[in-house]
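Take a look at the structures below.
Each of the next two complexes has chain A plus one other chain: chain B in the first, chain C in the second.
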Partner chain A sequence: MVEFLNGTLTLFGDPTAVMLFGLGLIGGMLFGAIPGVNMLTLGAVLLPFTINMEPNHAVMLFSVIYCAGVFGGAITAILFNIPGAPENAPTCFDGYPMTVQGKSGKAIGAAVSCSAIGGVASAVVMMAATPLIAGWAVRAFGPQEIFALIFFGLAVSASVGAETLWKGWLSVFAGLMIATIGTDPVGGVPRFNGGSLMGFEFSSYYLSAGIHFIPMILGFFAVSEVFVQAMSIAEGKRKRPKANLEFPSLLEFWSVRFTMLRSMFLGFFAGILPGIGATLAAFLGYSQAVRWSKTPERFGKGELAGVVASETANNSATGAAMIPLLALGLPGGALTAMIMGIFQIHGMEPGPLIFINSSDLVWVTFAAMFWANLCIVALGWLQTKTVVHILNVPFRWLAPGILLLATIGAFALRNLTIDVWVMFLAGAIGFFLRRTGYSAAGIVLGLILGKLGESAFAKSMQLMDYDFLGFFSRPIAAFLLVAAVLTVASSIWNEVRGHKLQKALMD
Partner chain B sequence: MSSSDNRPDGQTLTVSISPLFSTPVLEWLFWLVLAGTLYALTDNFDEPIAEYRFGASGWPRVLCAAVAFGATAQLLYKLTRKHAMPVEPSGQSENQADEAAPPVLSLGSKLQRAGVFATPFVYLYVMPEIGFYVATPFFILAILLLLEVRSLKALAAVTAVVYGLVLLIFTRLFYVALPVGRIESFYDLNNWIIGLVRIGM
Partner chain C sequence: MINKKKAAGLAIGTLLLSATSLSLSAAELLEKPAGFGVRPLTMIVPFGAGGGSDQLARSMAKAMEEVAGLNFQVVNKPGGGGTAAIPDFMLSPGDGYTVMEHIDNAISAYAKGDIRENPAEDWTPLCMTQITFSQIYIRGDEDRFTDWDSFLAFVKANPGQASMANLGKVGSMELVVMSQLQNALDMKVKQIAFDKPAERYGALIGGHVDVLFEQPGDVRSFLDSGQMKPILTFLDERPDVFADTPTHKEVGADFEALTRFRGFYVKRDVPKDRTEFLAAACKAGFDTEGFQAFNEKKFMNLINSYRDTSGSVKLINEAVQTYRTVYKELGIGK
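For the complex of A and B:
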């Protein structure tokens, strides 16, 4: 409590911090709400500029963007059927039908309130739990556990955002393959940057440094969205949805109280798992809301509880996602990976020691996330009143600005035009991936966790003298590996059973 | 090519066969060629590393195998599913097929779609030569035109606002170093624009 108060005083006693807090809050909400860009775009554009910021300010700014952006993404999900981020995807299921029915105000109102409630609850638990987990992690987490944890995270996240389990896994494998470009983490041997293939010689200095994830994220999320929207315009399919400002009543909120509580718990649990965080949280929250509802047939057709479940769960995961990042140095998603990037830029190592070496930074971040979630209620209400006017700006006017922001963000990273080429190529690939049911989120997760996973695997092998069974001599690693294998097996079983059920129904 | 079967309720089931092997097999081949190519490339760095038995190529090779396995599993799953899955009863299929059918695009629309993809790459190709500050207004205009903005006022206003904001935020406030071009006259022009934006600083 004392640390939280100190963090709050440090945050609001520093004019630069207050300015960045406001910028992160408004920027996250706006970028989340404007179609074609999201919190990742803002994060990626701002990341190069954090080099000149104090680490406290930079990490706090990105944490606030994370909270505000996860909520902001709900606006586009509800109004345009475009999730601002993968974690807002289930919000589309009922949010967009509500908009079509002229209930966009109710859907956005529910999203504002539930995001704030989920986020505040999560921030409180995070403050209470992170130091404990960090202390425990020092003793319990070695390379074996980190590898097992990454494997488990990838196992659960594989099918998120993909049409089928197989496409999800192939997306993750593609991301892991891209992560191998550069140098190997053990001996520093250059990989895929030159050599010969069937008599054809090639070499590239650019590839020696590996493919940076920021141009990839910008391409997969921002540029591909512009391409998707542009195609809709070319095909004459793009329709502007209706919008109104009627909020849900207290009675309506009361009727979904259990959905909210359940989603809060599920969101926090899922958020702790690295590699998935808020995305799995939102899907879990939604699927459990359907499972426990007395009227499951109404889901997907404009059910308020669907929006409540998804938005409570994904914001509950934001605080929880900071736990593996701060306590173990494992990012739970693209934006937390950027926060990890900030640590690396400033020569800091996220992990258990951060609570000892940089406790100021940790508590300012916690306080900022708590207050940001509270501010979402007020600003979200104001935003709902004003966002309708922003939505009146035609997308075709916004598109050049989105592409330019992405171009500058990719270029400013290392002052390399080739990073911008990578971004636009990722955008084109992302467009086709989305059309063919592959998951851009899966590729990005594979790319982000690949290097870390390989490094942990190599260290584990060296420590265990290349005995694979050594993983099972460590309880946590064994538990996580078994859980990962069971997750993979059950998802394959569900996929095949779904197929058999479908066949039986047809027969 | 398709086969039909009469059901007891009088509706006809149509099992589509021709797309069975086309897309899934092509998809499978794509992944297999990709995995094979990457596997072949690992020979270039198949060097032993002191105290690490699997070397630099071990991890990428496992991933190549995983890609091949995943693609094959996907192919088998799709083929068995497609063989088993009947198309909607024929009474409904025509209407639904009409709804689901991709729109027939005119040559103009096709060029427009190609232009949306090509323009960013043309911009990127030209930018290092003529500089960001000269290329960008044309890029904004091109994107607007491709997105069917035809009003002269809108074209001028959006270009001015977007270009103005970019100059203000990234050149004047954040001092972001953007390409100024390699061709001498464009290099001078870009630097003149930067000087203009930073007047008074």
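For the complex of A and C:
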């Protein structure tokens, strides 16, 4: 506590530090909110300048950018169905439907508050227990546990946004199959990147990069939405979504308290584990919110808890990602790797000794992350009151802008044209998908969890000499796998019984 | 160690300062071929931002800007283990404005038949700027074994139990070197395929695997903090920095270990004067203080890390030969 106060005083007693703090906050939010650029772009631009900064300032600046950047992408996800960054992708699932229903203010308000709450909570845990937690988490969670965690997430994906459970599972399996296109994560063997189709031979190096979930999301959600809206304009049926400035009420927050706590917890774990990070955190937070909800059928159609789950989880992963970085020198993602770079440029090494050798720096950073998350609430409230007015722009002007931003966003991801093609193809497919009751969100969940899950499964099997039962000799993995199987069984049971009940009522 | 690194940091700082302040006069710059280098060049990096290849490409771009007044736009095109970027490179006009960074993965992929392009013939290598060797690492606080001899004894006492975090790509430099070592010493270590570096390091530190296969520059921070330590070096002789670690030849494995190398290429049809100019710029860039400091930080100064165009072609052709021989023995590839 004393250290935290000292850190805060150092931070706000130094005009340069305050200035950088403000710049990082606004810069991170702006770069996070504009598709095509993200906080990594800002980080890469700023990295060379950190050489002339004091290490305290540089590390503090980047951690503030990290906090603000993860939040920034939520705004475009909610207003236009375009996630500013991968970790905001699940925010689209319910955020955009809320906008269509004229509840954009509530959605953004929830995103702002939950980002802040998730971020503050993980900053607090980080301050309390970094050295302890880091060592424990890296030891306790091996590939087996990570696979079980992903499998648990997959078990509920089928109930997101589909008409029936069966259509939901078909959507998820389609996603899982798309995940196998490209290069396999173990042997580097090319899969489905060549062959012959109706006598036409093809092979593609591009396809060896695989199908990424971001262009799929942009296609399914942003592009197909433009088609849908255009059609309703042509039919003369379109009603412009009302720009709404209403912040969620305290009662509404109270009703999602468990979702928030669960996402905090999940986000925290996903953040600590190297190579998992904020994106999976958001997806897992979302799928578990569906799992435990009393009204899972409302997810994907504008459920406040969906936005809450995803935004709480991704921000709580940011604080957590600093833990293995500082305590073990293990950066979990690209931005934490840049922070690692700053340490090295200044001749310091993150690792067990940093709390002794550079405790000032550590505490200024902790304090900065804590206050940055609190500032997000204030800035976000301001944004809610202003950005929402974009919705008043006529759709015929907005539509080309959305398509342009989506195209930039898809290309900028890996600078590969295939991603742009995938996006437009997914846009066309998404247009028809919506009319058939299958779930675009289910496909995306299948795709991302499938890729990560396959990699974790393969590593686990190699470690266990290909003995599947080995999962059950590890308590955490066994618990998660059993829970997942029970979840699937109970959802099938409910679906079958539900139909019988309906039939009985109809008779 | 700390002081040395501070010096390296300062040196990089000085480089950036001098590069940004444009303190060099035009006379000191390499002379460009007529009509070339007037607009920014594109540097394709076939891996993600922040990784080893990306850091090298950005550092070299800075150095070449300093010595030749060239401006580079670094573009990351990750995917498919470095193959997804190749079509964009091949489709670019052969005017020398597109340079690609690539690593020895491209050579093993060609030897195996995964890609059609021969890096020594279809592309012109401008230079190699990082050549490094591999090592085997254990946890700093490991107590079941502390050096190569005790590790070998552990492996033999627990057959099939010891596990190594490694890359899994069939026919990769990593797996080829390990299969050569295991054949030579009649030992068996489980190879666990990890695709992301952070996961690999986390798996060792978290105790999910027993040893790690890696190049020293990538794990330098773990070595300095004592979280990891090397037990075997894949090199003919011990480098000074790792004087206490035996080489694979000393422990009785007699084979030429493949190295990791990173360099820069242009397409084959680029005019000769432009290729030669870019190659000269690469050499001059390699010699800058800033780039040298960068390479030293990555342990790339322990063996000769530079090859010119003909040296690169030789290095590539030899590597292709080695890979093909080993693939035949192992029964992989086409």
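Assume the second predicted complex is superposed on the first by the 273 of 507 C-alpha atoms of A that agree within 3 Å, B and C clash if a C-alpha of one lies under 4 Å from a C-alpha of the other, contacts with A are read in each partner's own complex, and residues count from 1 in each chain.
The criterion applied here is as follows: a contact is a pair of C-beta atoms (placed from the backbone, for glycine too) under 8 Å apart; a residue touches a chain by one contact, two chains touch by 3 or more.
Keep in mind that what you see is a predicted model, and the values were worked out from it rather than measured.
Asks: With both complexes superposed on chain A, which partner does A:G401 reach: first (chain B), second (chain C), both or neither?
Replies: First partner only.
Asks: Under the stated touch criterion, which partner chain does A:F424 make contact with: chain B (first), chain C (second), both, or neither?
Replies: A:F424 contacts chain B only, not chain C.
Asks: Give one of first, second, both or neither to describe whether A:E495 is in contact with chain B, with chain C, with both, or with none.
Replies: A:E495 contacts chain B only, not chain C.
Asks: Based on the superposed arrangement, let me know which partner A:A129 touches: chain B (first), chain C (second), both, or neither?
Replies: Neither partner.
Asks: Identify the partner contact of A:K167: answer first if only chain B is touched, second if only chain C is, both if each is, neither if none is.
Replies: The answer is first: A:K167 touches chain B but not chain C.
Asks: Touch test for A:G195: chain B only (first), chain C only (second), both, or neither?
Replies: first
Asks: Thinking of the overlay built on chain A, is A:A483 touched by chain B (first), by chain C (second), by both, or by neither?
Replies: neither
Asks: Is A:N415 contacted by the first partner chain B, the second partner chain C, both or neither?
Replies: both
Asks: In the overlay, answer first, second, both or neither for which of chain B and chain C A:V186 touches.
Replies: both
Asks: Considering each complex separately, which residues of chain A are in contact with chain B in the first and with chain C in the second?
Replies: Dual-contact residues (chain A): 186-187, 189-190, 415, 417, 458, 462.
Asks: List the residues on chain B that touch chain A in their complex, please.
Replies: Within the complex, chain B touches chain A at residues 27, 31, 37-38, 40-45, 47, 49-57, 59-60, 63-64, 66-67, 70-71, 73-74, 77, 80-81, 84-86, 103, 105, 109, 112-113, 116-117, 120-121, 124, 127-128, 136, 139-140, 143-144, 146-149, 154, 158-159, 162, 165-166, 170, 174, 176-179.
Asks: Can you tell me which positions in chain A touch chain C when the two form their complex?
Replies: Result: residues 40, 44, 48, 51-52, 138-139, 141-143, 182-183, 185-190, 193, 204-206, 208-210, 273-275, 324, 328-332, 334, 337-338, 340-341, 344-347, 349-353, 414-418, 455, 458-459, 462-463, 465 of chain A touch chain C.
Asks: For a test of understanding, state which residues of chain A touch chain B in their complex under the given definition.
Replies: Those residues of chain A that touch chain B are 49, 164, 166-167, 169-170, 173-174, 176-177, 180, 184, 186-187, 189-192, 194-198, 223, 227, 230-231, 233-237, 395-397, 399-401, 403-404, 407-408, 411-412, 415, 417, 420-421, 424, 427-428, 436, 454, 457-458, 461-462, 466, 495-496, 499, 502-503, 506.
Asks: Please output the residues of chain C touching chain A within their complex, sorted ascending.
Replies: 2-3, 5-6, 8-9, 12-13, 16-17, 20, 48-50, 75-81, 83-88, 114-115, 160, 163, 168-170, 172, 190-196, 198-199, 201-203, 205-209, 221-222, 224-225, 227, 297
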